[in-house]
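Right after this note come the structures.
Here chain A shows up in two complexes: once beside chain B, once beside chain C.
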Partner chain A sequence: MTDTPQQSVTATAGIEPGEPSTDVAPAREAAAPARSLTSDAWRQLRRKPAFWFSVVLIALFVAMAAFPGLFTSIDPRQVFDVRQEPSAEHWFGTDGQGYDIYSRTIHGARASILVGILTTVATTLIGGAVGILAAYFGGWLDTIVSRITDVFFAIPVLLGGILFMSAFPSDQSTPYLSVVLKVVAALTILGWPSLARLMRGSVLQVLPNDYIQAARALGASPWRIITKHVLPNSLAPILVVSTINLGVFIVAEATLSFLGIGLVPPAVSWGVAINEGLTFLRTFPHIPLFPSLFLSLGVLAFIMLGDAARDAFDPKSR
Partner chain B sequence: MTTTTQPRGRRDAQATASDYRPGPDGLLLEVDDLHVEFHTEDGVARAINGVNFDLHAGETLAILGESGSGKSVTAQAIMGILDMPPAKIPRGAIRYCGQDLLTMPDEQRRKTRGPEISMIFQDALSSLNPVFPVGWQIAEMFRKHRGMNKSDATAQAVRLMERVQIPAAKQRVRAFPHQFSGGMRQRIMIAMAIALDPAVLIADEPTTALDVTVQAQIMALLAELQEERQMGLILITHDLGVVADVADRIAVMYCGRIMERADVLELYRRPAHPYTLGLLESIPRLDQKGQELSAIGGLPPNLLRLPSGCEFHPRCRFVQDVCRRDRPELTAVVGAAPGRESACHFSEEVHRG
Partner chain C sequence: MGKYVIRRLLQMIPVVLGTTFIIYAMVFALPGDPTAGKCGDRGCPPAVVAEIREQYNLDDPVPVAYVKYLGKLATGDLGENTYGIPVTQDLAQRYAITGKLALMAIAIEAVIGILAGVLAAIRKGSFLDSLILVSTLVVISVPVFVIGVLAQFYFGVRLGWFPVTVTSRNPSMYQLLMPAIVLASLSMAYVTRLTRTNLAENLRADYVRTAKAKGLTQRRAIGLHALRNSMIPVVTFMGYDFGALLGGAIVTERIFNIQGIGGYIFQSINHRDGFAVVGAVTALVIVYLIVNLVVDLLYGVLDPRISHD
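Then we have the complex of A and B:
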């Protein structure tokens, strides 16, 4: 294994200041007699700087989404002089409408995080459930599910999103939550088939194992076999991909908002801000810069987390 | 643990009364003219073609045969864990305590698995769920089938792990399957299979994946448990050595049929079927060192295209015209001890030697 020396290097170099060093020793001792895949994965993850970097970033973004007041006291709808350069008063300057960019970027996190998390949860639940049922029961159910996912694969996400959002357009009077839920619905409809496929594949790998046969031979019901034997053994891939997808959904939301059909003003979102800032790309590049930067960092954080989780859950990459 | 480990009672002493009562002479399981076929793209593979046997309490029946002779399919058909489709059971009955398992509603049948009929699998390394501690998996049997609470079930699991001779059971109850060796995992599988005191235990090549010393330990353990609980044990194996020590009766399978049936010592002493003879001759023996080991020539036939007449005739050294034409039924061997049966036109001659 070529990556063993590398890992020991990162393990020694990557002790994070944020990691409570006191509970490491007892935790390791407790883990020694009984190490499950999950506890192994956690030990692996704990040593990765990339994991902690993404966790801190995600925590920051979630805090922004939940309590924007912690970061800024300026109302994102308060108007100042337009197109100011960054200054002590307006850290990121002001945009074409005279809004404070820092405040709007902080408040914009909520839409992205909300869409990302809700869509991920919805796609994982729907895709996971459909995939597991299709694989376990097989037959005509599997055939139907596979054909439906095939159909969805033929629709590009952007095209599908545009179609959905123009079929159910939002305007300024639509309540915030229903705008967000519409975007979530559009992305969920387009996103679940790939997860269903993934789950189906991973369940099909688990099913031939003798412990499934053994469970049947010992009188376990189908429900019990699915929840206790199939699910825990086939969950890792879908969890990893869902984490990565979270970043992808944030991008998709920003794209739809950028095109003016996702979230619409007065809702504040990074996509909307980038769209509005685009006019000033040459003259006042700081206006689109900051929301773009936050968007990239947010997506990066989730994708890095997913990558770290994949490495930890995949025994072959160790 | 001597104070808490009590000899676990027979079936009637169990807390939950069984709905099934064995027949007057202890008859537990009756397999009657069982046929299993697999519908594949290439045609119908007839894996089991009319298997008959019965099993009494406290008896060990060994089913012996080459790979692909239908041993495991028979076991899976009895357990009801064949995947149907592609498998199909066009004919036959499997009666447990007089009730036909094949016509039973699915839910009722599922409830027989575990408390009534239970099974041990070939590959101990993969028959435990890797994500749960072994103790949890044993305790699950008590929690789900007996409705015990968690701590009682765990205590029972520890007791069972001690019964199957796992050292330091109390400490290891929380360990995961990958932390055990193959032999230890097979012991845990055995513990799970006997947890609910089944009347019938099917062991499908329980020692194939294990090394020789561990094989002997596992077989001894199985024999001991069977004696203790008076289970009916069906031992599926291709290992003639394993059978000799443990089994009471042997059924030799070939091409999904029983070719010969006999008490174990009788069979070893004087086989009454050319196939059995071939099998016995192919055991390496120290006193024949340096001589060529005799083997049965050829391969088992393709199940999609079974030969006419006797299935064994293309490989049989005593083959006659009648063998190619007529399929011999399993009948009593003339001039042999009662209970001796063989499916060969010349069983009498073979038996005489």
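Then we have the complex of A and C:
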């Protein structure tokens, strides 16, 4: 829903007046100091509590993923008495295997954040590049790209992920990183087409503008036109959707792990912890509670950040 | 209109071919013996192995086997699963359940989502608006498998309002109600936010001011003019969502033990039941594409400015 054409139209249309390399609005510049849309959006963002809330949460989760030692000194694979209630010693209690839940929740952030960030970077780069090329060069390239994105659109993400993961199964001896990369690969293959389509749409909005024609008339190379003029003016929608997608990819990873085909034990991840913990829901609800809470907060942070950014880049909402 | 429909139908052909080929290649071209584990603990006798290889064209290169499969597909034959039951028969049975569940979920998300969205948009900035926005954020952030298990535990086990799992192959509306609500929850949040954003934007449009200036009541100005114009993105979203729901809800069906299309595909993938997977996915993709076409045709009804000539 966020990548409907209507959304990208408003977002790109908003950037055009602030294009720094053109003088389309000298009158406005005389009235107020010229500000690019990016700095305008930034001024908007700074005023929003939701923005700061999500930034702080994301910083926390990234710190957890990078340096879990900052938050806990307990080894996630150290065994204590099983199924203890939360206490001063074990803040979140212990789970069915006797692992410390607090430690496992902190260490579990790495899988989710890693999958989320790697998939988002990969889908944005691939989708963005393909979208720009398809829109800029058009013709048969555009036709082929459109049909390929159609094909991938029709395959549900979860179904494709399950097929991919069962085609390249992992077991307990598979190294952690290669399992993570497999999940990233599955989600990237299924995720890039929607971003390519979004990028294609917003580039098509930018191309007819006078400053592009002017650059062409001055003999600028396609590379220069794309990097200096097209890209800065069509980037906002894809960045916003990518931020929201990061949360979606984290959920997808957790869902695959929940179904038992994403990350598998002994890997420590929120999805795995929830999958194991849900068997204790009736008797020891604290076991699934904490990983679910952290997972939801992680997703919430990225979705809120994307929302705030979209509002800031969309002049209509002001 | 007719021309447009025909063009869209023709465009579907490469999409269906591409999708089925990808799935077919993934299922059949991958390492692992498709005959493994089909005969219980012991290996299959050579005669059975030969029969299976013959039936699935495993001795041909994948493109050839795929073309042979397509030939059968064109006549409506999706092959048999490993139990010898025609895939079409399985699909018909499963689609009855998934279709019912999807219709209920769409109805729930349309009614509650649009209502909440309208309330939030009319009172934009109020406490009610913030409450609705925050609750949609919460619903979007909590993964569906957590919502599903929690709902099953509290409303099914603790309070006993709903059956805990669906035990029947022909479930009643009441049995499917809780799964449908769980399934609808995520999209309900999106429908709410989409309705709110679009309606709030349209309420500031000139034509609404004109309508009010002519003396129309608030109710008529919003209900007749603004709401109808705000519905296009909402209908688009719900259409795509319905197409996706008809593909089955793997997680929800698993939690509530519903014998729908999602569970069928998941089981078939786990059992490496090739024809069942490819057949089900083919059916799902075709249904998805047709639903999308119907959604695009609906635009014209909602907004006469959009025509398909």
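What we mean here is this: the second predicted complex is superposed on the first by the 284 of 318 C-alpha atoms of A that agree within 3 Å, B and C clash if a C-alpha of one lies under 4 Å from a C-alpha of the other, contacts with A are read in each partner's own complex, and residues count from 1 in each chain.
Assume contacts are C-beta pairs under 8 Å (C-beta built on N, C-alpha and C of every residue); 3 or more make two chains touch, one makes a residue touch a chain.
What you see is a predicted model, and the numbers here were worked out from it, not measured in a lab.
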Chain B versus chain C on the shared chain A, clash or fit? fit
Of the two partner chains, chain B (first) and chain C (second), which one does A:Lys228 touch, if any: first, second, both, or neither? first
Does chain B (first) or chain C (second) touch A:Leu218, or do both, or does neither? first
Go through the superposed model and pick first if A:Asp150 touches only chain B, second if only chain C, both, or neither. second
For A:Asp210, using the defined touch cut-off, is the partner it touches chain B, chain C, both, or neither? Pick first, second, both or neither. first
Please name the chain, chain B or chain C, that touches the greater number of residues in chain A. C
State whether A:Arg77 touches chain B only (first), chain C only (second), both chains, or neither. neither
Upon superposition of the two complexes, what minimum C-alpha distance (Å) separates chain B from chain C? 14
The residues of chain B that touch chain A in their complex are 79, 81, 110-115, 118-119, 121-123, 126-133, 140-141, 144-145, 171, 174-176, 179, 189, 192-193
What does chain A use to touch chain C in their complex? 1, 4, 6, 147-148, 150-151, 154-156, 158-159, 162-164, 166-168, 247, 251, 254-255, 258-259, 274, 278, 281-282, 288, 292, 295-297, 299-300, 303-304, 316-317
Considering only the defined contacts, which chain C positions touch chain A in the complex? 11, 14-15, 18-19, 22-23, 26-27, 30, 137-138, 140-146, 149-150, 153, 157, 190, 194, 197, 201, 233, 236-237, 244, 247, 250-251, 254, 262, 265-266, 269-270, 277, 281, 284-285, 288-289
For the complex, give me every residue of chain A touching chain B. 33-38, 209-211, 213-221, 224, 228-229, 232-233
